[in-house]
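Heads up, the next two complexes both have chain A, just with different partners, chain B and then chain C.
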Partner chain A sequence: MRDRTSRAPDVGWGWRLLDVVIAVRRRLGADRLEPYRPYLMLAPALALVTLLAGGIVYLVYLSFHSFDTFLFRQGPWSFEQYRRLVEPPSGDFNLQTLQRTLVISLLVTVGAVALGLPVAYFIVRTRSRAARILTLVLLLVPFLMGEVVRAFGWALVLGSNGLVAWVASWVGADSGGILGTPLAVWIGMMQVSIPLATLLILPALTRIDPDLERAAATMGAPPVRVWRHVVTPLARPGIAGAAAVVFLLSVAEYDMPAILGLGRLPFVANVIRSIYTLQNNLYLGSAFSLVLMAISTLFVVVLVAVGGIRNLRGGSDG
Partner chain B sequence: MAGATEPRGDAAPTAAAESRPIVELVGAVKRYGEVTAIAGVDLRIRPRELFTLLGPSGSGKTTILRAIAGLVDLTEGELYIDGRNMADVPTFERNIGMVFQSLALFPHMTVFDNIAFPLRMRRRPRSEIARRVQDALDVVRLPDIGRRRIHELSGGQQQRVALARALVYDPKLLLLDEPLGALDKRLREEMQLELVRLHGEIDVTIVNVTHDQVEALMLSDRIGVMEEGRLVQVGTPEEIYRRPATRFVAEFVGRANLVDGVGTADGSLLRVVSPSGVAVVVSELPAGPGAAHTAAIRAELITLRRPDERRWPHGLEGTVSLRVFEGESVYYEVSVQGLERPLRVASRRRDLAVGEPVVVEWDPEEVAVVATDGR
Partner chain C sequence: MTVRRPDPTPPATFTRRDFLRLGTLAGVSVPVLSLVAACGETTPATTAAAPAGGVPAKPDKIVVRTWGDPWRSTYAEGPAATFTQKTGIPVEFDVTGFSEIQAKVQQAVAAGQRPPVDAVLTIEERAFAAKAQGISVPMDRSLLTNASELSSVGLPADGSTNYVSVSTYSQPLVYAPDRVQLPEDLSWEEIWDPRYEGRLFVTDTPSSLMLPVAKMLGLDVTSDDLTPVWDKIAELRPNIAAIGDEEEFLSGIESGEFDIGITLAATALEAEGLAWVTPREGSTVSTEAFWIPTNLPEETTYWTTVFVNEVIAAENQSLIAANLGEVPTNLGAELPDFMKEDPATFPFTEEDLERYALVFPVEVGARNNDAWQAAYTAAIQG
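This part shows the complex of A and B:
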């Protein structure tokens, strides 16, 4: 009797509620599902992936069919779309576009990782909490606005009446701005890519014990060599991951080439769009998409193989 | 008044070092914002000695070690290594060997590459590297593990590899930042003996940091005891153990029973008398009769007797309140009227039971007495 009165009533209610929940679960036989719970929790993700895979299968299906653009009718199975991609009249243009997309994306990837790594290192190692938080917030700012807004912002800076042209005229070089050049596209893409790379490298650097760097210093390694022999190799999985993500996003870039490239420097995505909307040719567009996807996938596979797979496995190998 | 003011172990390091110190700290201060990690430390470490900085965690011992390595910049004061001011010498130019508490072995390298690292930083030729790494592995008695990766080694093997890596380039100075702390007791004792052996074989000065007073007493040529950023006593293990300079040292080193009170002299009979009237006979009163003192009676230097075996009129009477068998000795706690805490005794005697009345006796020469200015 005493026990009951000494227990706080609200605590008692909380426990009783739990009892009810457990009783209901028992009645419903929910416990039988217990072993499958991890799989059940995966279900939404699986559904999404299945949907995407379905879409890709459909693209493959389309790309391997011929298409009569005049009659607007699907023909039999064929490699026609892939042939048209590389053959005249537009073959050279397509290949040029593909090359441009890959080269600029690669340069963005290299630049973003090279500039993101020191920023991530600063965030991890700085003693000042305020500096760390400020840097993190600044990194997130570019993500707060839409890509089109950012692109037009850069257009103002890089355009003929913009900051760059103004500074150039001061130095004496009379340029009309750099809009429409690969450099402008690259700069526009770097703005999100650097913070992205930084945030992706961050966890890998956090895992590096600062004593390793101190130990390297006591053994006679100046800072540059500490970086080369200790920090970079240990951050390799993070670097590889960041490079893969930045590259994949860059390869699919649309707004920056359209706006900062003034349409003169289309990426694959821009060309696919015009194939889809201007030529109304889903079949050719599918083929181009798949070619780009295949190349990107290959790139990521190589990155993971060269970059991080041994470390990603947690060093369980000999 | 006999022997009332004999000087004690000095808080400042003895200036009479025969040779030039290999490490010298002068007025070293390190502050992190509001927090003072070391508050004015003067220290001279002699060539070839094994010097231990002993203190509880947060006492500043690791900060001193890191300052010597150049991993921490002093706020005030000077640091000399081999007579050279280190203010503008970065860590990687100091030619110091250091073993970290975390060992800091490179997980992405093999054992060989770990040990070869300092030699590669010095751009030694390949053949020399191979030879010296093998020598270093032989010295730590792990000749055949060069190809293995770090995570494949046991804790003790990792210790030895870390030691080999810190010694392979023959640094004059080896800094140990509590590397033995994480080991289990047996392995730790084995590594301690290993260190003593290495120290005998190699021409190196070792500065060791630990909070383990047993380790400090066992390994060291000299010990510096740290308390709240200050070096409170520097001396040989025996000096630290027998002649603690402060109450803190007496309490921290060894298992001692502290009795706070006032020194009284009755003819040649010197005593420290606690406020509750417990009188501890001692052999000296450094601050003189009438001043506040603390007497520290070591647990292992106390003799327990039954009341009928009593041999000395000044022993304290009490009752056994705890008996724990420890193997080599039996640990007793003896409650004494007037003392807050029971006396701790490590005795060879096994025949005393809890509740039995006993007399606690000691040799006054063995009791350390510290002037405590009223604390």
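This part shows the complex of A and C:
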């Protein structure tokens, strides 16, 4: 039989420890810090933002200097790195890489939001608890494994000896797989982007009162019209937020283009890695990083402007 | 915004917004000022040699940067084991990437600190650059007793001892003979043939292709304009299925993504059923070398030089040849049979090197690495 009295000394020690903490707090005059508690609570976030800002300032500093990669010696202030980004022999290639990165990222964003929205709607509106939990679990599965593992998994499926090639040959088509194509990169990136978009849209859909949809239906609106004129406008802040996050993660993608693109379809991140490690030129890499960051930021600003995110509470102007 | 105060302490004139502004300013200023300070002149390299007055004290260990397996295990099994046996000094290995370790040593030396490793195994052009950057020390020749057995590629051409080349590797055409047949006597021009469309792998660094192409075009990479070389390489794009490093070559050729690749002959030995051929123009031969960073304690430099000497001992060089498939620089080393039978791919003697090898021009390559890599990347991926 369990001895219930055996835990009594622990409780006593617990209270005594608390007394000690309170005594130390009074001795230190910690109560005087109470008015500053909001500031102190902000400190970790501020430290993180500062660290990131410091990194960006460093990138800016590097990008506006010339650099001798052989002697590893920094030169004077200069626009040399930005000139190199646009001039031969790399100018056309860099532009092409930037275009590829932006176009595939936009397609991933559109695809992820378009497919994530109905899934999120299903999770919110289904009456089956089991279906809701199962869907959420399935959404979380891709996050349980690393990106490189996911990429190699897709390489097996999309490769010349993979499932796609097997199905193609079974139906009589001559296919060597689709690895090394933009489609393969897009598919690989979609796997994690769809769940991400779904989870980001969920809160916005949860806040939509189901009675609004019922009211619209009562007035004779078919489901498509209800979806178009009621659900989508009210979910717009969530959709815009999801699109921003998916896009920002997509433009910084490295593994999927490297593995599923077979090295032939580099994104900007792949080129920056090459510049850093193979050209040994962190100054040029910094310049390209900042160009990508500026374009990404511009995209998010536009998205926020047109997406109806007017405040942090997720209010909609729709 | 004002802060609600629970007690009658003096009213706050310092708002949360002020706090954020001040914090951000301070936070940004500190790293910026630190970085500006850190970006000043680098510390001049010190020259280390054997200390006068006999054998110095032994360090607790020496740390050696290599590539991962099979390099690490081979060096552990060979030179590290015999070095520890003779000196009692254990050897630890660091497998940081070759670019990253160079940058870390540069940063450590610039900051006046001890570098993270005591010896660096890298490609020769990076070892040459380390010397030019003043971050490597000349090794004491009297400790390099095995250097007299090295071939012409063993020590720097300028007679210095800032690095010692320990092995060479060539980059022939490696292929899957069950999927494609290549003639034994062929030119590099062969891989531009349209029947190899989408079947070719190329490396992500220029040395493997630029030297053969330059030779095909009759150009000298050390003096001529290389635009025709990059243009010719760009014409290869339709045939290129994949671009990457040795691991990506192995996984791709085994899964059937491509049938032919330009890669290290040693890489071909890691997979079963692959064959290789060196075209008649020869293939690029590059070198791996050890260098020792500056800013190390004198005794560490001394014993690390002893370790490097152990690496170029004939017995350990034989092990490197057998395990890594790289050609030793010690002419007294024993070659495995597959190397003896194929001097075009594994040039060992001075005669072999002269006849078959397109030896990578280290100094010009190191000076132009940034420009050549940029041009090559644009040519194959553009």
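Brief remarks follow.
The criterion applied here is as follows: the second predicted complex is superposed on the first by the 280 of 318 C-alpha atoms of A that agree within 3 Å, B and C clash if a C-alpha of one lies under 4 Å from a C-alpha of the other, contacts with A are read in each partner's own complex, and residues count from 1 in each chain.
Following the convention adopted for this analysis, a contact is a pair of C-beta atoms (placed from the backbone, for glycine too) under 8 Å apart; a residue touches a chain by one contact, two chains touch by 3 or more.
Model, not experiment: these values are computed from the prediction.
Annotation for the three-chain superposition on chain A: chain B and chain C fit side by side.
Shared-chain residue A:Leu212: touches chain B; no touch with chain C. When the two complexes are overlaid on their common chain A, residue A:Val185 makes contact with neither chain B nor chain C.
Contact with chain C, but none with chain B, is seen for A:Gln74 once the two complexes are overlaid on the shared chain.
Of the two partners chain B and chain C, it is C that touches the larger number of chain A residues. In the superposed pair of complexes, A:Leu117 makes contact with neither chain B nor chain C. Of the two partner chains, chain B is the only one that A:Pro222 touches; chain C does not reach it.
Looking at the shared chain after the overlay, A:Ala235 reaches neither chain B nor chain C. Contacts of A:Leu102 after superposition: neither chain B nor chain C is touched. Note on the superposed arrangement: chain B and chain C approach each other to a least C-alpha distance of 26 Å. Counting contacts as defined above, no chain A residue meets chain B in one complex and chain C in the other.
By the touch rule above, chain C contacts chain A in their complex via residues 3, 5-7, 9, 12, 16, 19-20, 23-24, 26-28, 30-32, 35-36, 39, 42, 97, 99-100, 102-103, 106, 129, 132-133, 198, 204-205, 230, 240-244, 248, 252, 255-257, 366-367, 369-370, 373-375, 377-379, 381-382. Contacts from chain A toward chain B in the complex involve residues 209, 211-212, 214-222, 225, 229-230, 233-234, 311, 315, 318. Interface residues of chain B facing chain A in the complex, by the touch rule stated above, are 69-71, 90-98, 100-102, 104, 106-108, 117-118, 121-122, 149, 151-152, 165-166, 169, 175. Here chain A touches chain C in the complex through residues 32, 34-35, 38-39, 42-43, 46-47, 49-51, 53-55, 57-58, 61, 69-74, 84, 89-90, 92-93, 96-97, 155-156, 159-161, 176-177, 179-180, 258, 262-264, 266, 271, 274-282, 284, going by the rule given at the top.
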